[in-house]
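Heads up, the next two complexes both have subunit A, just with different partners, subunit B and then subunit C.
Entry: the complex of A and B
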């Protein structure tokens, strides 16, 4: 690349070099931090997943090949069982939260365009509010709302026959749905804003033409907006997958105990992979950090795989 | 025709009101719960009833369970990180937007890729690395890694795009140097982009939990960690104090959002949609 530039540009070489130097100098702060605090730990983590790296190994680690991977996927021993459970929970959590969250966000994004100017501005601001707040606040509020017996929302659910007398945070499946509930409450604002912005890029002429043909709001949505919104929906869903696979804050806070083995609640009903990685750090067992790194690599593999499948799937559809 | 339209509009209003209620009610009850009399059943509180009791709960939260200190600490490292992000990212955005240089495509590609790089992949090694550097539980240790914000570069570039290239050329003819142009011309013109980025990044860093919880111990107390502690079942404190603590922790991002609502939504849209 450098050679090509030199041949094609006919300015005096000295000043040219100096000019580029300035550009690189301007990029230096960003890229040096990027290199040290992102790229290096990223590569280092992959490498260390093949070693017995632990909190107590002071620079001395041994190469152990695939031992960490074999161990965490073997299903033998507490750490491995826990990791597999966290993956199972993830398998339920991700599709459920995406399906519910995206449906609500899409509906709101379409519906709000039918309101007047004032209504539009007001509700857009309101819908985004939960996303503007930290996740830990959402976790705190909803923990209060879902208190067994007395919580406002758990009582409401009980009235319509859902989870009567259930302690949501500590009961299998319910615990996952509690995380879904909080995540949907929080993330819908973001997805809604992006999707709604997408609808604004659609030419008004199409709607005018449809209106002349006597189309109803519903028909306009169904036959114009949704098909043309497809690329944006795809983007939001892809992004949603990546963040849902890394779910951490809500379940960790809701199931935290003083004991590292309590992370994820009784029976690990609220355990997710990133929490298990963190547990391996806090536990400080031999090969603990190596295992955490291996779990990270597996999670990355899943993220990459799903993203690739999505892109493949999309290409076929378009 | 007109009648049909307004009736339809009313119909569309219903789901919006319902979801709007779902969004705001939880936030509202943090206010009304804090400012309610002790004699009232907290579970049913809907409207605030005692201003003085609320203030006393807030004071208790600030002074006895570390919320005051956590708020201050978090303000400090959030502000410091945002300042770093603004300098680093605006410089990078300046170079990427106005200049051609060898390797530009590759470097910009790296920025885009890093935006997609899941934090979980490198957070554990990062934690050990910062720890080994002796920076655990320090301002630099918590902030420096968070200063790598490719999203900020991206948002700023969206705002720079509107600036005409001719500004740069005429400034150069006048003999201004590379960084003088950045500092004296581009930066002031980027006001909007910088403010939007600052607001978004501050809200984001304020809400961070995983990284601050890993890297801090006794010297720095992140608000996220403080709140996570008090809402854990093992921690006993008066429920109203708990709620007051959450109210305090929520206020900075909430107020910023209320003041800069349009800008925040605009920034989020710019970061998501242009791809």
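Entry: the complex of A and C
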């Protein structure tokens, strides 16, 4: 170690600079892409949200201050009503999908953890398969499952009195739950794999010691597994929140139509903020692109706020 | 170790160079790149169109037209036909970068295209050949003319939604389908009752999922609808729409819960589990390939020989101003060919799709296929989906939000009509028209 330190100290400045230059060159590809495809569009989008940018702007935009934000949050006008409806849908969708998804993933991780290697490998493959499937295929399959009257899953629900005679994809609340169902089916495998990997890191000695002290399975889970898994659970929940707030693909596939006004289904039953942003882009209305950018900034603000609250909450309780 | 580090640095350096070169290759003058004539003076044109226009018989026709055009025009080396679906066409065109020379797209987006793209002024081809210009339906030609009197598109094809009847199902239900067309809504209700009585689902929902069916029903009242807009509001009155909502309510009795355009409805029709399917004419090849026995009807009228329904969609061909006079001239010639009597007659005769040339659709020689005959009748009734070329408001689409509320019982037909007009007015306000 001392010899190595001596050697490091002895390196002349010039050669260190040369070494750093090569390192920075190696990082250049990432930073170039980050700058061009992430940072620049990010800053540009925020800037454009304060203008009357539209498809007819042709590069000439006028600064309008907070006009786009006031319009979107006013509740007057079709775009504003739709955006506020999308936020209301989000209020239902996010907590429900996270609660159900995380609970199932955690439960599966804890159960499967106790299986032998073969059993674990088999179930891991089974649960991860929906995540590996392209989403448009998954959504298409679920459209069949939920077809009123003939869909297998909708029939099962009807047998227990849920959604009898209801067209799930076109009825308020039911449409959101259909999106929740598909999202949980799709994402649970991914969350399960992450949580399960976390359980593997817990030393078996702790469980042995608890066993010697006469702890029950529930006590082991409550006092050993969950606390030690907390950092992983926190990461999965945070990531889950960010993903859920940006939900787009599943409801867009389910309500897909050539008509921009049809995005989100009749009565905007499964309309979410990102979809409304897309509608504003395609509609070509005055200030349409500026409004879409403003909606994006508002959504970003919501995501940042929730993430900050989560980190704050965690810091207090750790 | 030193060799390994040097190797890693070399890889990193190569990757950096590749990234930089890739980024630089994307730079340039944007739209102007490749727009000039090649060294031999010929142009290589790019034409974007719907994906089904490059497949099967349509694809063969398109290849033939391209070949003919290149042979007839010495200054054109080639035309590359690029297939895009609806959403892809709109996104790519609105992006405004890497535009083609000409494209075929929905007339619904004509206003957006006019705002976002430098469309080529096609007035010279209209004024240069009166016979060619007068062959189009007057309404279509007027729609493709802007407020300054300039022609910016060539009307190409159109459609109305059709009702496909599974004739095996009708026979099981005891309907003599060859002699019992759907002339009126009463005929339709009666046949739905018979199919239902035979234990088979009659039809899908005519109110949920999409605007096509409810708007198609509204179009049956087109002669009494005062279509237009003034001072940011529609001139259509609620009382003019009540009957349409009453019809939707009646049709819901025969619905199996599936929606227009859904895979479930289509598969049920193909497997003989559904008697009547509302669909666009472009779906016909699917049923032919599935071996379904079917016939085609229009959305019926309320009275015998009355006004049939269905909202007409239109697809036009547009040119993009390349700023190069020679290239623009070649683009105009291509668009003139696509709008010609011969081209559109071949399209109707071979494919069965209706075009926007009235002289073609009135020519019995062009109407050899059943679907073409039905579409020809349909184009003389119904109503356009919107004020093509003069408004960006897709006003009939507002019915898609209201119709399910009427059929679910939340609103009466009268209330539904009022809500519909309110929703249409909101769309005009949003568009600033």
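Heads up, the rule we're going with is that the second predicted complex is superposed on the first by the 296 of 318 C-alpha atoms of A that agree within 3 Å, B and C clash if a C-alpha of one lies under 4 Å from a C-alpha of the other, contacts with A are read in each partner's own complex, and residues count from 1 in each chain.
The criterion applied here is as follows: a residue touches a chain if its C-beta (ideal position, glycine included) is under 8 Å from a C-beta of that chain, and two chains touch if they have at least 3 such contacts.
The shown structure was predicted, so the numbers you read here are calculated from the model rather than taken from an experiment.
Superposition of the two complexes onto subunit A shows a clash between subunit B and subunit C. In the superposed model, A:54 makes contact with subunit C only, not with subunit B.
In the superposition on chain A, contact is made by A:165 with subunit C only, not with subunit B.
Look at A:31: by the touch rule set out above, it reaches subunit B but stays clear of subunit C. In the superposition on chain A, A:148 contacts subunit C only, with no contact to subunit B. Note on subunit A: of its two partners subunit C and subunit B, the one contacting more of its residues is B. In the superposition on chain A, A:22 makes contact with both subunit B and subunit C. Touch criterion met: A:194 reaches subunit B, while subunit C stays clear of it. In the superposition on chain A, A:202 makes contact with neither subunit B nor subunit C. In the superposition on chain A, A:77 makes contact with subunit C only, not with subunit B. Contacts of A:286 after superposition: subunit C is touched, whereas subunit B is not reached. The single stretch of subunit B with clashing C-alpha atoms against subunit C, selected from 27-35, 171-179, 189-197 or 243-251, is 171-179.
Common to the subunit B and subunit C contact sets on subunit A are residues 22, 26, 29, 33, 140, 143-144, 147, 150-151, 257-258, 281. On subunit A, the positions that touch subunit B within their shared complex are 1-2, 5, 19-20, 22-24, 26-27, 29-31, 33-34, 37-42, 44-45, 48, 104, 107-108, 111-112, 114-116, 119, 123-130, 132-145, 147, 150-152, 185, 188-190, 193-194, 197-198, 201, 217, 232, 235-236, 239, 242, 245-246, 248-249, 252-253, 256-258, 273-274, 277-278, 281, 289, 292-293, 296-297, 299-300, 303. Considering their complex, residues 22, 25-26, 28-29, 32-33, 36, 54-56, 58, 77-79, 81, 140, 143-144, 147-151, 165, 167, 169-170, 257-262, 266-268, 281-286 of subunit A touch subunit C. Against subunit A, the residues of subunit C that register as touching in their complex are 8-9, 12-13, 15-16, 19-20, 23, 86-87, 90-91, 94, 106, 109, 111-112, 115-116, 205, 208-211, 256-259, 262-264, 268, 392, 394, 397-398, 400-401, 403-405, 426-427, 429-432. Residues of subunit B touching subunit A in their complex: 8-9, 12-13, 15-16, 19-20, 22-24, 26-27, 29-30, 43, 87-89, 91-92, 94-96, 99, 101-104, 106-107, 110-111, 114, 116-129, 144-145, 147-148, 150, 153, 178-179, 182, 203, 206-207, 209-210, 214, 224, 227-228, 231-234, 242-243, 246, 249-250, 253-254, 256-257, 261, 264-265, 268-269, 272-273, 275.
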